[in-house]
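Labels A, B, C and D are assigned to the chains in the order they are written; within every chain, residues are numbered from 1.
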Amino acid sequence: MTELLPVAVLGARGRMGSEAVRAIGAAPDLDLVAALGSSDPLESLVSAGAAVVVDLTVPEATASNVRFLVDHGMHAVVGTTGWTADRLAELEAQLAGSPATGVLIAPNFALGSVLASAFAATAARYFESVEIIELHHPDKVDAPSGTAARTAQLIASARAAAGVPLAPDATRDELDGARGARVDGVPVHSVRLRGLTAHQEVLLGSPGEQLTIRHDSYDRASFMPGVLLGIRSVAGHPGLTVGLDGYLDLQTGGRS
Amino acid sequence: MTELLPVAVLGARGRMGSEAVRAIGAAPDLDLVAALGSSDPLESLVSAGAAVVVDLTVPEATASNVRFLVDHGMHAVVGTTGWTADRLAELEAQLAGSPATGVLIAPNFALGSVLASAFAATAARYFESVEIIELHHPDKVDAPSGTAARTAQLIASARAAAGVPLAPDATRDELDGARGARVDGVPVHSVRLRGLTAHQEVLLGSPGEQLTIRHDSYDRASFMPGVLLGIRSVAGHPGLTVGLDGYLDLQTGGRS
Amino acid sequence: MTELLPVAVLGARGRMGSEAVRAIGAAPDLDLVAALGSSDPLESLVSAGAAVVVDLTVPEATASNVRFLVDHGMHAVVGTTGWTADRLAELEAQLAGSPATGVLIAPNFALGSVLASAFAATAARYFESVEIIELHHPDKVDAPSGTAARTAQLIASARAAAGVPLAPDATRDELDGARGARVDGVPVHSVRLRGLTAHQEVLLGSPGEQLTIRHDSYDRASFMPGVLLGIRSVAGHPGLTVGLDGYLDLQTGGRS
Amino acid sequence: MTELLPVAVLGARGRMGSEAVRAIGAAPDLDLVAALGSSDPLESLVSAGAAVVVDLTVPEATASNVRFLVDHGMHAVVGTTGWTADRLAELEAQLAGSPATGVLIAPNFALGSVLASAFAATAARYFESVEIIELHHPDKVDAPSGTAARTAQLIASARAAAGVPLAPDATRDELDGARGARVDGVPVHSVRLRGLTAHQEVLLGSPGEQLTIRHDSYDRASFMPGVLLGIRSVAGHPGLTVGLDGYLDLQTGGRS
C-alpha cells in the first residue's frame, strides 16, 4: 500500500485556495489534512501532521507563514505574491539552517504559461525579430499584463546575453501607439476583447520562417496541475526555488 | 467556339504589370492583344482591338490613360493609386456620356483581403469589442498599414451607423503604446517581423465568443485572381465602381 | 416612455432556458411575463400577454408548442432541434393563414458562429482550396461536429453553384485519416483537446494568399445576444425564417 | 584582425547548395574557399584549405563524401538525407580514430522547426491532450509530412517515458478520417491548401489552458541561419551529432 502525502492549505477559503482544496481532495496520492482560513492558528498544521503546506494567502501574511513552516520542517508551496528581494534573502538565510526543507515560490502555477515563457526565452536568441501580443478581457486595468512584461524581460536578457541586436524596424511614419509599448526594447501589444480570459503570443521571425508560442488560459482550473506538481516535487528540491520552471524538465527535447 | 476577350495591359514592364501579362497569357478565355510600356502610344490599343484595358501604371499617368480609354469605348480595370475625389468626379462626368463603358478602380486586388475587410465591416456591429492586428516585414516604413487603417474606418462607420458604442476598456495603468493606435476609435496594433510579408487579423469579441478574420498575403501572385475577375466582370458593370468588392457576390451566405 | 416587449420562455428550467430567463430579465427593453417548465400549461402564455415566446424545450414538444403559439398570434423564437422537413412544411402551411406572425427556427444562436458560416460560404467560390478544422473538448462523442458538417455543405454547394472544381490535392501516400473526413468533398479535421470548448476554423487558399475565418465559443453566454436579437426582430419578419442569418444584415460590407 | 573560417560547399549547384554558397559569401566571418559540383574532385578541398565542409549532395554520395572529409581532418556539416543506422555506425567508428573532428548530420536546418519540435517534446508530458496539425501546399504527395511524423514520435516517446496515458477521446460516432491519422497514438491532421508552403502546429491542452507551438516555413532562406550556425559550431562539437538541436542551447529558459 502506498502512503498518502499529508498536505494542508492556507487561505483555503479564497478563490485559489478553495480550488486547491478541491484538487488535493481529488488526487489519489494526496491526503488533505488541514484547510485553514485566515483566523485559524498555524499550530494546527503541526497536530494535523502536514508534510507539505500550500500557501495561497495574502502578501501581508505569506512571509511569516513560510517562516513558521520552515521552523517546523514543513515543505512550502507558495502562490502568494509580495516576495521582495529582502524577504527572499531572509528566507534563504533561514533555509540554510534547515537543509532538508524545500520552499517553492511560484508567481504562476499555469504549466503552459511557465513553459511558454521558458520556450520564448530559449528561442529568442535564434531569431532576428521578436514581439509579444497579449490578449485579455476588457475589465483588466493594466496594460501590458505582468506576465507579458516578465516574458519581454526574459527575452531581452537572453538576447543581450547572446549578443543579439535589437530587432530591425524601418518604421518612420507611425500613428502614435501602433508599434506597441517597449519593454526592455521588445514591442508588446495589448488587446482587450470581451469574451477572452488571458492569452499570450510570442512571435519570432527570421528570413523565411516564423515561430509562434501561444498560451491560452481559459479558467482558474489551469493552475491546479501546477499546484499538484509543486506539492509532489517540493520535498525533492530542498532549499529555495523561485518559479515553477525550476521543477520542470526543460531538456526532454530530444532529437529531431 | 467561344470567342476570346481581347485584353491589353498598360504598365506592362512594371512588377504588377509583368505579373498581369503572365496571368492573362495563361487564361484560356483571354487574348492578350497589347502590352504597353510608358513610352508606347495609347493609340496602338485601338488598332489592337482591346476591349478591356488593365492600367497598372503610375499616379501621374492613370487619369489621362483612363480618359483615353473611356473616349474610345474601352472598359478599364485600374490598379494604380492616385485617384483623388476630383479625379473621380471628372471620370464619373465623362462616363455619364458613355453609359455602356465600365471602369473599375481597385486599390486592392487581393480577393482574400477585400473579402476580409467586407466581412469585418459586416460583423462589426454584432460584437461588443473589436481590434485589429496587422503584421508586416520590418522594412515597412508606415504603421499602421493603409489596409488596416481603411479596415478600421469601415468598422467604425458600420458600428456608428448601427449605434454600437465604443468597445469597453478598463485600462487605467498603461505603458505608453501598449493599447495600440486608435483609428476612428478602433485599436490597431502593428507587428513588424522578419520573415513575414503582409498579414491582418480582425478580432471581434462578445460574452462567451470570439470571431477572428485573418488574411495572409504571401506573394504578389495573390493579386492576379482579382485582376482576372475584374477583366471578366467589367463589361457587365457599366459606370464607375470603386473597390473590387463591388464585383463580388457578398450575399451567397445561405442558411446555417 | 417606451413600452416594454412582453416575452415568455418555454423550457425555462433547462440550461439554455435559465440563461435566457436571466438575459431577458437583464434587458432594459424586454419584460419577462412568463417562464414555463415542461409541466406548466401553455394557456398561461395567453393570460400573461406574451407577444414573443422563446421555445427552448425538447424535440418532442417543440412542434406542438409552436403550433399553439401561431394559433394564438404569438411570435416564436425557437432554439429546439428536431424540425424535420415535414414539420417545417406543416408550420409554413399554418403560417399562411396567419400572415402577421413571425417564427424563427435557429439551430445556432451564436452570432459569431452564424456569421462565420455565412462568410465561409460567401468566400468559398473565390478560392482554389478550402478545408475546415473544428476543435472541441474530448468528451464530445461525434466527429466532425454538426456545425462543421453544415459549414462544409454550405461551402460545397456555394462552390458547385459557381462552378468551382474540387480543391487540388496531390496526396498519393497517405497514412489513413491524415487528410481528414470528406463532407461533400470538403476535408474536415476534428481536434479533441482538454481545455477547449467549441472552436472552428475555415481555411481558404489561393496562389499567394490565405483567408482564415475562426470562431471560438467559450461559454453558453455566447448564445444570448442571438436570442435577444431574435426576440427583438421576429415581429418584423412575418412568416418562417430558418437560421439566424436571415435576421442579420450581411451586406454592410462597404468599400475597401 | 580576426581570421576568417575557410568553408567549402559540396553540391554547390543544387537548390540548397546555391543558397548556401550565397549565405556563406555574405557572412563576414566565413571565407568560401571552394564550391564543388558533382563532377569536381574532392581532392580540391584539401588544396583549398577548407576547415569546414558543407555536404548538400545526394543520398548516394554523402556517406563517401563524409568519409573523405573525416580522413582529411575536415569538419562536416551534412544536410543530405540517406543516413541509415549502418552508415551512422560506420561513421562513428571512423570518428573514434579522429577525436578532434566534428560531424553534424541535420535532417532539418530550419532553427524554428527544430526548436518547435524540441519544445513540443518537452511540453508533451505536462498536458493531458496533444494533437498535431500540419499544413502544406497541395502539390505535396505524402501525408502526414515527415516532420509531423517525427514530431509525433518525439511527443509519444516523451509521454511514454513520463508515464502519461493516451489523451482522452470520447469519440464514438466518427466520419471516417475526421480524427486524423495516428502516429504512435498521437493524432496528426494534414491540411493541403494552395498558397501555403510548410507549416506545423502542435496543440497541447489541459483543464483550463492550451499551449500552441506553431512553425511557419515560407522560404528555403529559412534553412541558412541553421547552416551557418552548424558551420560556426561544428569544430566545437567533436564526434557525431545528429540533429541541429544538439548545437542549440535549449536551457536558457530562465525564471518566470
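The rule is short, and it goes like this: contacts are C-beta pairs under 8 Å (C-beta built on N, C-alpha and C of every residue); 3 or more make two chains touch, one makes a residue touch a chain.
On a predicted model such as this, the values are computed, not experimentally measured, just so you know.
Trainee: Report which of B-D and A-B is connected by more C-beta pairs in contact.
Mentor: A-B
Trainee: What pair in B-C, A-C or C-D shares over half of its contact pairs, by residue number, with A-D?
Mentor: Interface equivalent to A-D, from the options B-C, A-C or C-D: B-C.
Trainee: Taking each chain's centre as its mean C-alpha position, how far apart are subunit A and subunit B in Å?
Mentor: From the centre of subunit A to the centre of subunit B is 46 Å.
Trainee: Roughly how far is subunit B from subunit C, centre to centre by C-alpha average, rounded to an integer in Å?
Mentor: Going by mean C-alpha positions, subunit B sits 32 Å from subunit C.
Trainee: For subunit B and subunit D, what's the span in angstrom between their mean Cα positions?
Mentor: One centre to the other, that is 40 Å.
Trainee: If I count partner chains per residue in subunit C, which residues reach a count of at least 2?
Mentor: Answer for subunit C, listing residues that touch two or more other chains: 127, 195, 204, 206-210, 216, 218-219, 222.
Trainee: Spell out the residues on subunit C that touch subunit A in their complex, using ranges where they run on.
Mentor: 195, 197, 216, 218-219, 222
Trainee: Please output the residues of subunit B touching subunit C within their complex, sorted ascending.
Mentor: 107-108, 110-119, 121-127, 147, 150-151, 154, 157-158, 161, 204, 206-225, 229, 242-246, 248-256
Trainee: Of all residues in subunit A, which touch subunit B in the complex?
Mentor: Contacts found on subunit A: 127-131, 133, 135, 138-144, 149, 167-183, 187-196, 203-210.
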